[in-house]
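Below you'll find the structure I mean.
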Amino acid sequence: MILNVKRLACYKGNKYLFRDLNFSVSPGQLLLIQGQNGSGKSSLLKILAGLSVPEKGKVYWGSDTIWKQRDKYCNQMSFLGHKEGMKRNLTPIENIRDLLIMAELPTHEEKMKQILAAVQLQAHAHYPCYQLSQGQRRKVALCALLVKQKPLWLLDEPFTALDKESIYHLQQRFIEHLRQNGMIVIASHTALDFIDLNDMITIVLG
Amino acid sequence: MLKVFCRCFFSDLYVVFRSTREWLSPVLFFMIFVALFGIGLGFDGQQLIQISPMIIWVAFLLTSLFTTESIFRADLEEGILEQLALSPYPLWWLLLAKSFAFWIASSLPLMLLMPFVGIMMQLPVKEIILLVVTLFLGSPAITMVGVLGATLTITLPRSGIFLGILLLPLYVPILILGQSAIINLFSQTLPLFQIALLGAISLLCITLIPHAAAAALKTAMNE
Amino acid sequence: MSHFIQYLIHLGTPRRFYHFCGKLFPWFMGFSFIAMAYGLIGGLFLAPADYQQGDGFRIIYVHVPCAFLSMFIYMTMVIFSTIFLIWRIKLADLIAYSIAPVGAVFTLCALLTGSIWGKPMWGTWWIWDARLTSELILLFLYLGYLGLYQAITEKKLAARMCAILAVVGAIDIPIIHYSVYWWNTLHQGATISQWGKPAIDMTMLKPLLSMITGFALYTMAISCIRIRTEILQRDFKLKWVNVLVKKINERH
Amino acid sequence: MKGIKDNMMSIDGMGGYGSYIIASYSIVFLGLALIWIRSIQKAKRLQIELREEK
């Protein structure tokens, strides 16, 4: 499966954020979307996720557009936006379980704990999320992403509020995912300093 | 399909019942509202019996109006709605589960209180039973209408009183039917017609509104 | 029929519709004045006094057109909102939004004249009967629609949200009407809404029909202006508007 | 002609309904005028705006 974008245009607040955008991401590739604040990074990512409809252009997943095969596409993609998608009153374990069930996946308690342990959150596994810091919540959300193991990851500013060590750890996970023929799209205004990849495409918006 | 419904439902219930303030404050509001009327009219027992069903109905509607604003507020801030919209399951199904949970959390406590409130307001047993029955049949419609209002105003920062203007027209038929059911009982006839109609409206709301709300929510995500 | 549909599609672009409205406007306005003038003269002077209500019934000539148009405009809004929701034709939403304030004013007029009429007839300014209640709720629906449209800053979003609201309201109004109606008939028997039903005399009916037609044409004329303004506002940045403005500037 | 005249006479007195009739007619036509004025105002304002813009 290839993610293919053709002649995409996004119109917001009386002007075009971008026009005639063409690119494709194939298995094992990472796409980095860069640009200043307000240049349309998040909007582009939302379009790719199918959350919003572009002014013009099409997004293909394989041979068909993502809007035609929405259920199938949603099944092969995980999206992490600005907001974590974590309920404040639920524990990390419960949150991850919710996300897994919503994605039609089996829930292994052990596996979830393992992954939480890998980011030093095992002690917090059974406390409500409002006790966690911003960065810790972000980590939980990324854990959910890792457990889900969907081929395509769409990540909006995944590194905000994370410490250096976690960023390093996360980027190792990215490389692992790419080796298993996964695809990653990242919107970020910082460069990926730890990753040294041949198969990286960069788009600069604005 | 059913599994995801249950998951969505229970996790919403956990969220509400874990924070006492969230489910208790509407109940308290309801009690205060009714008690104020009771105190104000307390010396005239006959008059109280005449209008107390109306007071309880209005208190119920106002309480649900105040809770309506918060249905999706937290979910929007936490990004849950985006995840719901991206689930392979149809959004209306998930919304139905959420609405059901919201109904349990907001309407059920009030209905359980009804016997006590009814005694406080000097209602005879028969009327209390009828009040609970009509509320039970009407409240799903009230909740669903609230869900629709909440999705329509989801992008507004403070929807408060404006939501009232939107929801008032939609509350009116339910209020009228509930009210007329009780007035019928005063004249010693069993108001089966109103009860059936209330049930029908609730069914209509349960089947149609999740679709409308899902469409509205998807558009709101677009922004 | 297919020619007609083709013609409609041809009109579907804002630019064509703008000019179309411009051409229709004087006709609507002219005929509406004629119809209203006949209605006024006929209603106030030619028609005889009612045998029950005396001259009080003459309020019918403004009340009924207002009430009719308030419902009619809402129905039109609902139809255009449905078209917008199904086929996503932006022009449909634009028309619905442009006529909504007109409908709100008519609803308010119908309510006020209704209660003025009610005072001498029923002895009270207001009763909660089916027609008055549903008219009041209709006013709230109009206000809700307009308020929501203005409150949501993202206009595309506002359009869809309001279209959904309009359609839901359309289901709501008959339910309210009949629930009050049944309530009244069950509870106190039909007492209020039954008077004055015998066959209406032609000298009374003709001015009424003429008045309704006049009001409807007036609404359409006003709608033409409002729709044109709204089209210009939404297509502010487009080329054809530039050309149009240049042409008007040259003429001045 | 006589019939019309009779009716005119009754309008003069209006059988006690005169104030109600005048009130309702004036409200409605005030309403009509109001929509008219508002719509024209809006159109004019936009026209000025457009001319200044271009």
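In this document, chain identifiers A, B, C and D correspond to the written order of the chains, with residue numbering beginning at 1 in each.
As a convention for this text, a residue touches a chain if its C-beta (ideal position, glycine included) is under 8 Å from a C-beta of that chain, and two chains touch if they have at least 3 such contacts.
In this text the structure is predicted, and so the values were computed from the model without any measurement.
Relative to the centroid of all protein Cα atoms, the closest per-chain Cα centroid is that of B. Chain centres were defined as the mean of their Cα atoms; on that basis the chain farthest from chain D turns out to be A.
Rounded to whole angstrom, the centroid-to-centroid distance between chain B and chain D, based on C-alpha atoms, equals 44 Å. Chain centres here are Cα means. That of chain A falls 37 Å from that of chain B. Between chain A and chain D, the centres computed from C-alpha atoms are 61 Å apart. Note on chain placement: the centre of chain A and the centre of chain C lie 49 Å apart, centres being C-alpha means. The complete set of chain-chain contacts reads A-B, B-C, C-D.
Against chain D, in their complex, chain C makes its touches with residues 44-49, 54-56, 58-59, 62-63, 66, 101-102, 105-106, 108-109, 112-113, 116-117, 119-120, 218, 222, 225-226, 228-229, 232-233, 236, 241-242, 245-246, 248-249. Considering their complex, residues 3-4, 7-8, 10-11, 14-18, 20-21, 23-25, 27-29, 31-32, 34-36, 38-40, 42-43, 46-47, 50-51, 53-54 of chain D touch chain C. The touching residues of chain A, when paired with chain B in their complex, are 46, 49-53, 71-72, 74-75, 77, 79, 81-90, 94, 97-99, 101-104, 128. Interface of chain B with chain C (complex): residues 148, 152-153, 155-156, 162, 165-166, 168-170, 172-173, 176-177, 179-180, 183-184, 187, 193, 197, 201, 212, 215-216, 219-220, 222-223.
The part of chain C that touches chain B in the complex is made up of residues 85, 133, 137, 140-141, 143-144, 147-148, 151-154, 156-157, 160-161, 164-165, 167-169, 172-173, 175-176, 179-180, 182-183, 186-187.
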